[in-house]
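Shared chain: chain A. Partners: chain B in the first complex, chain C in the second.
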Partner chain A sequence: MLKLFKTILKTGDATLKYPFAPAPVCDNFRGKPEYTPEQCIACGACAVACPPNAITMKARPEAGTHTWELFLGNCIFCGRCEEVCPTKAIVLSKEFELAVGNKADLYQNATFRIANCACCGKPFAPQKAVEYAIDVLKQTGANAQVVEERRKLLETCSDCKRKQSIHAGEMIELRRYLDEGKDA
Partner chain B sequence: MSSLAETKTGQHYIDALRQRFPSTVLQEEWQTRDQVTVTVKLNSLPEVVEWLYYNQGGWISVLFGNDERSIHGNFAVYYVLSMEAGTKCYVVIRAEVDARTGEFPSVTPKVPACVWGEREIRDMYGLRPVGLPDERRLVLPDDWPDNLHPLRKDTMDYRVRPEPTSDTENYKFVNDASGETREIPLGPLHITSDEPGHFRLFVDGEDIIDADYRMFYVHRGMEKAAETRMGYDEVTFLADRVCGICGFAHSVAYATSVENALGIVVPDRAQLIRSVMLEVERLHSHLLNIGLACHFVGFDTGFMQFFRVREKSMTLAELLTGARKTYGINLIGGVRRDIQKAERDATLKLLGELKKEVAELVDMLLDTPNLAQRTSGIGRLDPKVARDYSPVGPNVRASGIARDTRADHAPTGYKLFQLPVRTKDSCDVLGRVLIRVEEFFDSIHFIEQALANMPVGPLLVEGFKYTPHKFGLGFVEAPRGEDIHWSMLGDNQKLFRWRARASTYANWPPLRYMLRGNTISDAPLIVASIDPCYSCTDRVTMVDIRKGKSVTVPYQEIERYGRERKNSPLK
Partner chain C sequence: MNAPITIARQGTGMPQPIRQSEEIQKLKGTLLKDIQRSAYVYRVDCGGCNGCEIEIFASITPLFDAERFGIKVVASPRHADILLFTGAVTRAMRMPAIRSYEAAPDPKICVSYGACGCGGGIFHDMYCVWGGSDKIVPIDVYIPGCPPTPAATIYGFAMALGLLNQKLKATSHVQGESERVKLRHPGVPAELRVLIEREARRMAGYRMGADIADDFLGILGTKSSESLEARIQEYLAKENDPRLSEIVTNLCDISMKAIAAN
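What follows is the complex of A and B.
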């Protein structure tokens, strides 16, 4: 019994002053995801990876936009989005105080423009993703002429690319299979 | 496949089975070197399971149905037996059930451990176990429509909520008492923990003559959601949320089941990190239960102290994974996070503090005369009952039976460092508390050893092949006993069937026998001693059958009476 009193005395106050003093968390704590739209290329990798569908991408081709949205109410703070993001546009912070008075405050979104295919004119990919690809190409040290040649390719949708490569290669046989595939 | 054939463990069970029951085995399929699925003729199912269970040292881990009509036209039932006498392996007995008759012979009359599983198959698939003594619903609520079986592939979307068919509870509680008894319902709702239950105690004066209970008030339909809504690689995060205490154990069990199905070999380092986190989880869970044991015997200061120290184990989890609970570090094929040197040093420091502080507190707890007085000889789990019902974890180990998945099947990183299996012969609440205390220190020792000898290498296997309709078992020893998962992959990057069995599911059925012969004031203590996903009930209604009047007493009152044992609320 005496030992018990000793332990109690030695321990003193076990409670924290929180919320009047900050409650520290460990490094690498997985808290609220911080999103930087300027960094984002709207590739949608995070929306594919997100297990609870807290991150969604909505394409509106008629308006020519692509909207990225995060609903914190669904977020499980797993950090898969951070892991798959190619541009570090989303990073988990240490923030854990997420209560809001208004549900709308739990939503965060950003709208991006969709690029139209240089060939058929149909919308096919986010403008920023196309620009990112061209920038990466420049970074590899390709000269201006190569970049211009490739730009055409990068600004073309995959359907058109497929058709072009078949025409260019004179692979008539292949084209037949392609059309057959469509019918089936 | 040739290397698999050479190292098979447990082939002799199958050979003996073929010899004992000629022309019964229709098919034999090995998932891993110590995991085999044997398809038998439907009519010999009870005999085969009984023979493996009682004659060959098998224990029922889990049983479940599967709607395989889209694959071969029939339903199937699977009985998973963990073989633990001599050669240790998993033998899964599978039988196909005709989709038109929907009937299969019940195994429960021969092996009582099958009772919950067969009742669940009846609810979820509408298959009828012929000869099942207890035909009440288990999982589905009383007001659920009769012919709606949620896990059939063609019945319903996972978002559908059917209209209730009745306004009253019509569940019949079973009372085996011969004389007159009073009836005490405990529950049913608003329980602090994640699995509310409704207990009905049948008492004579202060003595519990019999008990019955109803669970699944918060059945979340996770299996259905996983099968229809999520990708198979995302389910690790859902499995993390099966339980608020041993979630990581479920996540590892799920990931292992898919890895076993696809033949993925997880790198050693990843396996050991998983084991370290499983042991960290055990630290906090055991401290929680020891704390609660203090609380229920009226030693509240001890409860406060254990919970204060427990905070250190929560910090440990936060440090190593980035979250106090729902660690979320598992992926199919390995883990997402390494343990760095700084984290290792901080962990070792925290472990040292924990070891010292808990040792002092345990000394104090064991010196308290109240503890032995209140727990010794209470809530006896007879080894015979244990053998019939296949309970798991400290619950069964306190009855002198050395069942521990870590030792028996050495999942994940436990191959690298052996852990002792702690058993006690007292069969009572005290034994279960003492086992948890010993295991707590074993876990600390294991983590220290693992961190000092962490193998070097990759954390994750990438580039494996997803093969439709492969299936496998995954298992770990969670703080409360074996968690076992069975997964079958579909052909759409989803699961065809996921069966997750938490350890407490195996511990509920024998609880009835543990409650018999004790007094009402011991009931909360006994229920807490299996460390269920349930710890407290909202209020208690007492029905005096002789006088025909009922009294409603707040739960705090019966809990207070459990601790102080003065001023009985029954008087």
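What follows is the complex of A and C.
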């Protein structure tokens, strides 16, 4: 009997002190996705990667906005959004105390502006994504002249780009086929 | 005992979630204000994958020991104070779930447990799924997670009993006027960054590879009086992982080659 008590005393308390003390969390724990909207370029890679569609992107061209939304209720904490994010705007934290009484508190959203095409004026891509592309171009060591030339290209929508390349290039023959296609 | 259950329907013919009368809500409020007894939990499986059940039972093991707060898992809804709804509510499990809700005595606390319970989770758009337990019964607390860890479960129970406060708040952001994204590792040429990220991900997998590339580029990009090799040796000694050492040696080779080529 005494021996048993000795063993018990030596073993100590196995029960965690949580919630009176913080629960130990391991290094690679995948908790709440922490989102930094300032760092987001609204490219939508996370929305494509998200298996349960907890992250969604909605474009409203008439309002000129692009809305990113995360519904934590559907999140399965797989970390795919973190993997694909080119700017590390979303990182899984160690936060796990996510219970809420009101479902609306599980939603997070961010609204971004859409840039208009420099040529036709139609909305075509998030403004921050276009600016980011220009910044990356500068980082590759391109000189100011090249950047200015490419800027026009980056600020043009794909439709206008196609038309322009046909106009400017030496593929005048191609243009004839394009016009013929329109008539038919 | 098994009296027929009638469910109110909307104009479109779809069944409405069950509503709680105001008297019962008031009763629940007074009970929660001064709860001086154990809270018994009955878990209702509405068609889940059993991951949530495993975590619920993990949270009543001696390591987490929810029973020290009087939270006990019981075998019948007739004993229950708290109903835990797990699973995405499949068409077949909807009626059994409603039956156990009806069987539990008032006032009862309903908890939506896991990603599936909160909004359908990964099954949210399947044809036979209702997408969340709040589509059938009134829910008091949502515990997201896939599955929630035992610690998150205990936190959720404490919130349901009004012992702890909610931490999470909804956030909304609108793009500011001069908001611009910070480039990562501006000190490293973009081509070299791509080469390093690709090699790290090839060797360590997508997520860990990105983390390793991030650390390495951080060391490469910062200017310091110490030589690059010394700083990398210091980093490797700190991490003390032979796998990481091999990967970082490869990354070093790549960056040396790139620098020599320029």
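FYI, the second predicted complex is superposed on the first by the 158 of 184 C-alpha atoms of A that agree within 3 Å, B and C clash if a C-alpha of one lies under 4 Å from a C-alpha of the other, contacts with A are read in each partner's own complex, and residues count from 1 in each chain.
As a working rule, a contact is a pair of C-beta atoms (placed from the backbone, for glycine too) under 8 Å apart; a residue touches a chain by one contact, two chains touch by 3 or more.
Please read these numbers as outputs of a predicted model, since none were measured by experiment.
By the document's definition of touching, of the two partners only chain C reaches A:Thr140; chain B does not.
In the superposition on chain A, contact of A:Thr87 is made with chain C only, not with chain B.
With both structures placed on the common chain, the touch criterion links A:Thr7 to chain B but leaves chain C unconnected. When the shared chain is aligned, chain B comes close enough to touch A:Cys26, but chain C does not. Once the two structures are superposed, chain B and chain C can be ranked by residues of chain A touched, with C on top. Contacts of A:Pro51 after superposition on the shared chain: both chain B and chain C are touched. Applying the stated contact rule after C-alpha superposition, one finds that A:Asn74 touches chain C and leaves chain B untouched. In the overlay built on the shared chain, the residue A:Cys120 is in contact with neither chain B nor chain C.
After overlaying the two complexes on the shared chain, residue contacts for A:Leu153 are found with neither chain B nor chain C.
When the shared chain is aligned, chain C comes close enough to touch A:Ile41, but chain B does not.
Common to the chain B and chain C interfaces on chain A are residues 14, 51-52, 76-77, 79, 83. Against chain B, the residues of chain A that register as touching in their complex are 3-4, 7-8, 11, 14, 25-26, 28-30, 51-52, 76-79, 83, 92.
For chain B in complex with chain A, the residues that touch the partner chain are 230, 234, 237-238, 241, 301-302, 305, 308, 311, 315, 318-319, 322-323, 326, 328, 336, 360-361, 363-364. Residues of chain A that touch chain C in their complex: 14-16, 18-19, 23, 32, 37-41, 51-53, 71-77, 79, 82-83, 87-89, 95-113, 127-128, 131-132, 135-136, 139-141.
The residues of chain C lying in touch with chain A in their complex are 62-65, 68, 115, 118-122, 124-125, 132, 134, 139-146, 148-149, 151-152, 154-156, 158-160, 164, 166-176, 179-184, 186, 189-191, 206-207, 210, 214.
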